[in-house]
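The two complexes that follow have subunit A in common; it is paired with subunit B in the first and with subunit C in the second.
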Partner chain A sequence: MIVVEGVRFTYSGGVEALRDVSLTVKDGEFVAIMGQNGAGKTTLVKHFNGLLKPSKGTVRIDGVETTKTSIAKLSRTVGFVFQNPDHQLFSETVEEEIAFALKNFGFEEEVIQKQITWALNLLSLTQYRKTSPFMLSGGERKRVALASVLAWDPQILIMDEPTIGQDHEQKEKLRQFIVQLQAQEKTVVIVTHDVEFVAECNPRVVLMKEGKIVADGKGKDILTNLEALAQSSIVLPQIAQIFTQLAPLGLSRNVIDIYEAKDILLQAWGRRRT
Partner chain B sequence: MFVAAILFGSILPLTALFLMQFPFVFLARVQRQWLRSLRGALFLAVFIFFTNFIFSFINAGYVIIASNVEFAVFFLTTSPDLLGLALEESHVPYEFSFAFTTAVRFVPVLAEEAQTIMDAQKARGLELEKGNFMKRIRNYIPVLIPLIVSAIRRSLELAEAMESRAWGATKKRTNLYGLTLHKGDFVLLGITMAILVVAFYVLLFVPVPTLTKLFL
Partner chain C sequence: MAVIETRNLSYTYPGATKPSISDVSLKVEKGDFVLITGPSGCGKTTLCRCFNGLIPHFYQGELKGEITVAEKDVTKHQTHEMAKHVGLVFQNPENQLFALSIEKDVAFGLENLGFSREEMRKRVDWALNLTGIYDLRERSPHEVSGGQQQRVAIASVLAMQPEIIVLDEPTSFLDPLSAEKIFQVIHELNQTLGITVVLVEHRLDLTARYANHIIIMDEGKVCSDGGTREILCAEETRIIGVGIPKATLLYKLLGNEGMNLGDVTPLSSDEMAKLLLEAFGRR
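Coming up: the complex of A and B.
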């Protein structure tokens, strides 16, 4: 469980990136943190594994305050996948890349081999086991970066902009993959601008603006809340846009899911025909 | 002054040069940043002190401090664009002046990137401060490789982006701004030249006492 209480954070340059943020993420929850560039999203999640320590307030992971432990210890529980895979890939083969963290955490050789096989399989990278990560495409490198974090099976997974540079098929795989993690009661936190991806996943959405949380609730409610979205310069998901325009016909505006939209439209269609 | 700092190998003139920088630093109002770079240089110098101690060349570390902080004054007060422009107006080929300004300008970008990479690797359990001396150096491999790879990748992209904006299309370039020398510039030039001349004179003709001779 992640408990953030009254956190303020000021960068050494003097920029105040977080202004009194409080947030609780329960075990097994799926949260999307959204907001404009510079709203403080990445700064906030960097507090979850201790990369940044609050200037004021506290961040606790499973009851342990992040200021009282090391990043390495926290990372064992909190896996953090960075936005740009090129900021972490350095090994000669994909296999070694994934083994890096496992060695750092002091896993046994057998366990390392087992976890590598498992992680490669999970992200359909098995064929690249002995390939250099630098030879892979952008999307594949992103998956290697993800695999290299998932390999140690952290309880909490944080992903910064996981959909950037991914084609639609990969996004869909990522979505299914998160569903799978949810089934294992893992906590997933994503930082993203991708409104359509969030609409498809329908997680809890936390909206940030200028270092503060301005809205927090079900994806379906937040992503159809015109005022809250306008405040953080986020556009409605396409389905919500259609239903906003159809509102004068007496249809619900509160729709972001394709299948729900289809049902509502079919119902309305049927009413008109009879 | 940087040249002067390199000229001398012993402690007393270097200290004098070091103290001489204070008025410049305060005039330029960059005290805080200057102190920060002094701290950075000190770290490097302590390292060099230590290694050089074995070969008993204690002074080299001091050269680094005195010269490094002078570099800091220069780069804190001069924008890379103006520097490039100055080079260009002194008839240095544009290719060279451009390469120079680009290199200078990308230093902060690289520093920021290095920080991100360190964060990314720490998040994978890398502990940079762990282990003995050799192990600590090895700890930096996972930081250096991504840094170099992305710097190369970035420079290739930059070259493509520049070529698609007609870089080098005409031999004779025109500039939006010109540089002119003001009274203050000549004064500063005079002062620095004087310091350099005095430094040469001291080096060649004045026997500089060493610390040991001074105190024993």
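Coming up: the complex of A and C.
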């Protein structure tokens, strides 16, 4: 469980990136943190694994305050996948990249090999096992970064912009994988701008603006809330955009899912016929 | 007139066992707004690197086939010559920013081409304003956010006003509203100045509406090439796993159920909403 209470954070340059943020994420929850560039999203999640320590307030992971433990210890529980994979990749081969953390955590060689194979397979990277991560495309490097964190099976998984550079199929795989993680009671927090991905997953959405949380609720409610989204510079998902414009037809505006949209429209169409 | 033309173009990176692009033949007409899309690792970035000569002049490896850009054989003209005609915005902005201040970064290309001081000032300010980073001009490009760095990279290329702009997922770090503004700016330059735009993107929800031409790649090959509306409506496109805009997909899903909304495939939510309002209005 992640418990953030009254957190303020000021960067050494004097920029106040978080202004009194409080948030609780329960085990097994899937949360998307959204908001415009510079809203404090990445700063907030960097507090979850102790990369940043609050200037004021507290962050507790499973009851332990992040200022009272080390990043190394926290990392075993909280896996963090960076926005830019190049900030995290450094090994000669994809396999070594994934093995690195596992070795540091002291896993046995046999387990390490098993975990590598599992993670590569999960992220469609098996063919690149012996390849240098720097030979891969941007989207593939992103998946290597994700694989290297998933391999040690953290209880809480933080992903900063996981869908950048990912094609439709990979996004769908990521979505299914997150569903699996939730079934195992794992906690997933993503920072994302990808409204269409969020619309497909329908997680809890936390909306940030200028270092504060301005809205928090079900994806379906937040992503159809015009005022909240406008002040956070977020565009409505396409389905919600369409339904907003269909107001004259008297249909519900609270729709983000394409199949639900199809059913509502077909039903309305049928009613008109009779 | 084709401003980019490739014939049976194949390229293999040094040490790689198979080509990253193979047998690519395509034509981009002057004034086109072309969207290149396809699964990650399908060769889109590699193809972009050929357009301004980074391949074969900077990257070693084996290039086969022919490529002509702005009437120049790319294999015979160095990257700095091609840079006068083709501006390339990279996927990762950190790979292309280097100056001490943002405005110096944006001015760099112009300095190299020997523009006068006033002309440089004018163009740099124009590009900074268009991309919404004028107020950041004196900051270091390395101390701003990833999204702002992407704007710097785009401004640097716009300032040169090249005939062709190639953008490789140029707004991936930007929030959707900022991304939309950037795409609108690029669309306007395409419409008003006739600049040819080649845009690599997965997010067709945001971009399909601007493109008159779309090229879909898979495993290094071109698998669909044509008008945006026709290609995005085609059943094969869905099978390849391209992220078709939700508005377009909804039109197709309803069509499959017998709800006919006409022959013009919508590419944006505005177009789709209009079709629906018209259809319900007729009843």
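Following the convention adopted for this analysis, the second predicted complex is superposed on the first by the 274 of 274 C-alpha atoms of A that agree within 3 Å, B and C clash if a C-alpha of one lies under 4 Å from a C-alpha of the other, contacts with A are read in each partner's own complex, and residues count from 1 in each chain.
Simple rule for what comes next: contacts are C-beta pairs under 8 Å (C-beta built on N, C-alpha and C of every residue); 3 or more make two chains touch, one makes a residue touch a chain.
Predicted, not measured: the structure shown is a model, and the values here were computed from it.
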item: Subunit B versus subunit C as contact partner of A:Met135, first or second or both or neither; value: second
item: Subunit A residues touched by each partner, larger count belonging to subunit B or subunit C; value: C
item: First, second, both or neither for A:Phe82, with subunit B first and subunit C second; value: first
item: Partner chain in contact with A:Lys46 - subunit B first, subunit C second, else both or neither; value: first
item: Partner chain(s) touched by A:Thr224 [first = subunit B, second = subunit C, both, neither]; value: neither
item: Partner chain in contact with A:Phe90 - subunit B first, subunit C second, else both or neither; value: first
item: Contacts of A:Ser148 with subunit B and subunit C, given as first, second, both or neither; value: first
item: First (subunit B), second (subunit C), both or neither touched by A:Asn104; value: first
item: Partner chain in contact with A:Ser70 - subunit B first, subunit C second, else both or neither; value: first
item: Contact residues of subunit A, present in both the subunit B and the subunit C interface; value: 84, 86
item: Touch list for subunit B against partner subunit A, complex; value: 113, 116-117, 119-127, 141-142, 145-146, 149-150, 153
item: Subunit A to subunit B touching residues, read off their complex; value: 46, 49, 51, 70-72, 75-76, 79-80, 82, 84, 86-90, 100-101, 104-105, 134, 148-149, 152
item: In the complex, subunit A residues that touch subunit C; value: 35-38, 83-84, 86, 135-140, 161, 164-171, 193-196, 199, 233-235, 237-239, 241-242, 245-246, 248-249, 258-259, 261-262, 265-266, 268-269, 272-273
item: Touch list for subunit C against partner subunit A, complex; value: 13, 15-16, 38-41, 45, 91-92, 94, 145-148, 169, 172-180, 202-203, 205, 241-243, 245-247, 249-250, 253-254, 257, 259, 268-270, 272-274, 276-277, 279-280, 283
